[in-house]
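Below is one structure, written out as structure tokens, with a few remarks after it.
As written, the chains take the letters A, B, C and D, and residue 1 is the first residue of each chain.
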């Protein structure tokens, strides 16, 4: 059994990629994206809980006919890159081992996203590889493309920060934001494969709710990347749908600016971005399901407050396909390869 | 065929109620609530488009075995009260005719909600009965209970204002709010029975979206009722569910206040309210589906911003059951009758 | 805290009812139906796992402000009747204890539905109270109304048998069915509150599937009640919705019969039934959600095969509200009390 | 603007394909599948109602950046093949015009599926191009692969027949079926983009229903293809989901056969089929959403009745992607190209 990926278009050998933690939602999708990628070869898929199972039994729709194995570092040596999709905290030690072998890594967990170690420890507990933090690049290509190109360790952003930062970056980069309120809404897949009664169909069907209203862990990640913003208020909500994420941001600016100027700012900022589209009206989630796109809309209300909306697919641009976008950059492949 | 409502518990004759516009979502539910009400009798149900149809054919689940008729004012004379569920603009003339017969009216449309006639005309077009505006009471019992008791014409609030105002009233009444951002989310029934491709199942299933980002018509209604608030930003969103409405409000206060003080304020404010419950954690929509309840939760984030959440069922407390709550007050019946 | 149920209309004291196992979907709804019932008083709610919790915390929408207790038989002595909503197997011993105190019982489990003990043991394992089997009446009022009136122990049918038997009884009672194929479809609440990954929102959203294709446990229950039917094939399916159940039945008759004759048979058979409605077109699930109704439609295709459809709400007529209907009959209360 | 499709792998020029009727659900998906196909080039997209609109405005998720035009036969001359996605009845004249230009056509409508003209006229009304019926090949590749390869006009099967025929073909081809009952279930996209109140989100959410119980138009199509089956009963149901179709078939055989023999028959029959997978347990719809796959499961119940299940994505294998599969065969391209 061999992936079409083994024979890339231009004769160069495909890069061999390991996906570790491929039994969760994000890892499984990452595996599929690598599997069907024209320039990557899916060398190995590993998992802790489901080792021995075929990935296409667990996720039939992704049609990856490989068997999940326990992670074997001896075999990992042979790979050109890895995507690690372990839970927060469990990821860092695995990343460290792979980095020890010299394997470039995209880490989908939160373990290398925050540059501030004490803050990480406060939010997530002990860190398994703090010595690597300095090497890690925050993997939002729209902000850090060049750094990602040269990186050996990329910390892939979470779904909430991806949508929120893309909604606000044009303002933040100009130092315009005094204060911002973010009302974020996510589909259920963002909560992961685990979960008991709270994730029961009957609990979520025909329902919607805010949660973690007392400070979500993504707030510091957003603050780190937006840089010059003073005040951030962030509240996540769960919606009764599978895939999708919408960040509704209300920004108070330090100075009055016209709607036209703001729109112009956004359009220019994202003009060359292959995956960010500035729309002329409000976005919706169906329009980009199963894509790496981010749809942004910005407007200014009467009294000058900016309303910026960003919609993504939470497990694509908010996790796995963004991981592949980063991998493309790290490996010197066309950024959009396997993602259009 | 007779309703159980014809024999009220205490021997007093039931009040005879006309529901005009009973073929829409809100009117049909109002008819059912009157039908099963222990102190009201459903005297007549009228509709423009579906006259001749049995209401339990159009809405089988409501089980009201009456036939929709064209509105006949000769028969209306004989009723003790009316609920009018016509579209905005179409309602005012019907209300005027009923009032001309001396019939007390709860109007579910927007026609009598705004005290400012030019503002109404700007938002909705010409007004069919401006002379009645001065008589109308804004039918949010939690704010205007005594006025509703004495009213002959009650303007039932819309679903967005109901949730939003109940979320913010304790703060607004104390003059605490400098500025507030409202991110509101509604189930699809709030958009009414009409609507073409935009309301198609395939358009809304697994979707969510903001809409009317350039100033929703409910914003002035909210401003009118919250009174002393300087700045209001309001954005509505459509969610993939039938019934339910969630207002997430972010209020900036003029002075620093503790979480405890704010919670105390809310608990005291709503302590005696039969339908408003202040929760100790975030609300969710399923918990109150098909009820007249409003679930409120308030917290204060680190830097002092208040986050206030209110959840209601958009066609119950956001429309029809609140209409019955108002009717109960107007007719001197126990406020909770037929609603528990 | 007291229920309105404590003061029944006619001055008779309300019957005091215990609901055991009130923390599951069916038990919680049964508790609510008793709580709001004009002739019953909810004396006690018990549960094994959630004892100490308020029922309105677990099921806010049902608004029953009682605290779940461990079952205490000393207190049970004081009750006039009980609804037992324990899982299959766990129910029989509890029922036996309650019957030992002389308390009339409606059992929502499968434990007393099958008259054939060896068959029960084969399908469900050991039986905790086989000595009571002879006393148990199968609680489908439309078939066994008089027996239920005199019963002290009623075995409430499952949701699949309720829909299927009501779809087919008019034919079966006339001995017309040679062979029948039943394609049944259920909402997710029928699977109960438990369940891990299979019940995860993401597993069931936008999905549908047959299950237990190799002989569902409800098939013998259906066969027992339909009596003279030779061959029964039954396949259940899970649909992506909360409440609702649809049985599509294809019956081959022993003799040719006209569509008119069959429809006439159905209309006569159910003419006096308060909860079974014979429709003139195909049923749908929304039309009867949250009701005790069963909607039946029958037609005959060209070559003489009868197609009979029955729709119910699986946790109402398929479980809890049918339990109350049975309780009404056992206690000599109006059959429809608390159910309209 | 050019599709990647313009440079096929092996140096051969891509075939230029016209998609007519690309504004409906099936046509839009067909356009996207052609657009991203490595061996096809999307030459033109046409529509009647939405001419002038960009396809990626109507269907953003498909990301086809072409503008819909009115069909211009002068330009059509230049294309190598066409997919026609017009409504039944409207399709035949367009197909005739394209065929008059010598363009090979896959027609997604019902217009050329039935070989029996009077039967077509009875079910669909007058036929716009009866002279072409004799040329048309029924485009189910699993049954008619060789004929499709040589065809100039392929009648693409409907979604119900595709699932049903694939579920039953192994039995039918052996002449084993005496009688079969088909209970089919479809997602809402099968009903198309049109539709008023019946397709409203609120009408279908949390609902399910049988429809067209008095003889669905797909029954004769199924009968034609299954050939030697005596009796067919077919009932379609609508489920509350977007994409997916499940056919549950109950076949009575002329002779007793073991479960093993039947399973062996199915496995052999489909062993070489690239898109039909015989599962060892019941199928589900999520497993194949957005794929050209058909998942089949067969079992035999105690008394010898065969239960055969087939699941497909109704707008993929049930419409558009099957159209591309047919196109691949007609054009001499690898059958699976663009579909894996």
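Basically, a contact is a pair of C-beta atoms (placed from the backbone, for glycine too) under 8 Å apart; a residue touches a chain by one contact, two chains touch by 3 or more.
Since the model is a prediction, treat every value here as computed from it, not as a measurement.
Across A-B and A-D, it is A-B that has more C-beta pairs touching. Summarising the inter-chain layout, the chain whose CA centre lies farthest from the centre of chain D is B.
Chain A and chain C, compared by their mean Cα positions, are separated by 47 Å. Chain A and chain B have CA centres that are 40 Å apart.
Rounded to whole angstrom units, the spacing between the C-alpha centres of chain A and chain D is 36. Those residues of chain C in touch with two or more other chains are numbered 203, 205-206, 240-242, 286, 289. Looking at the complex, you find that chain B touches chain D at residues 25, 188-189, 193, 195-197, 199-206, 240-242. Within the complex formed with chain A, the chain D residues making contact are 4, 9, 36, 60-61, 63, 205-206, 286-291, 295, 340. Interface residues of chain A facing chain B in the complex, by the touch rule stated above, are 181, 183, 185, 187, 203, 206-211, 213-215, 231, 233, 235, 237, 239-244, 246, 248, 250, 282-286, 289, 297, 299, 301-303, 305, 307, 309.
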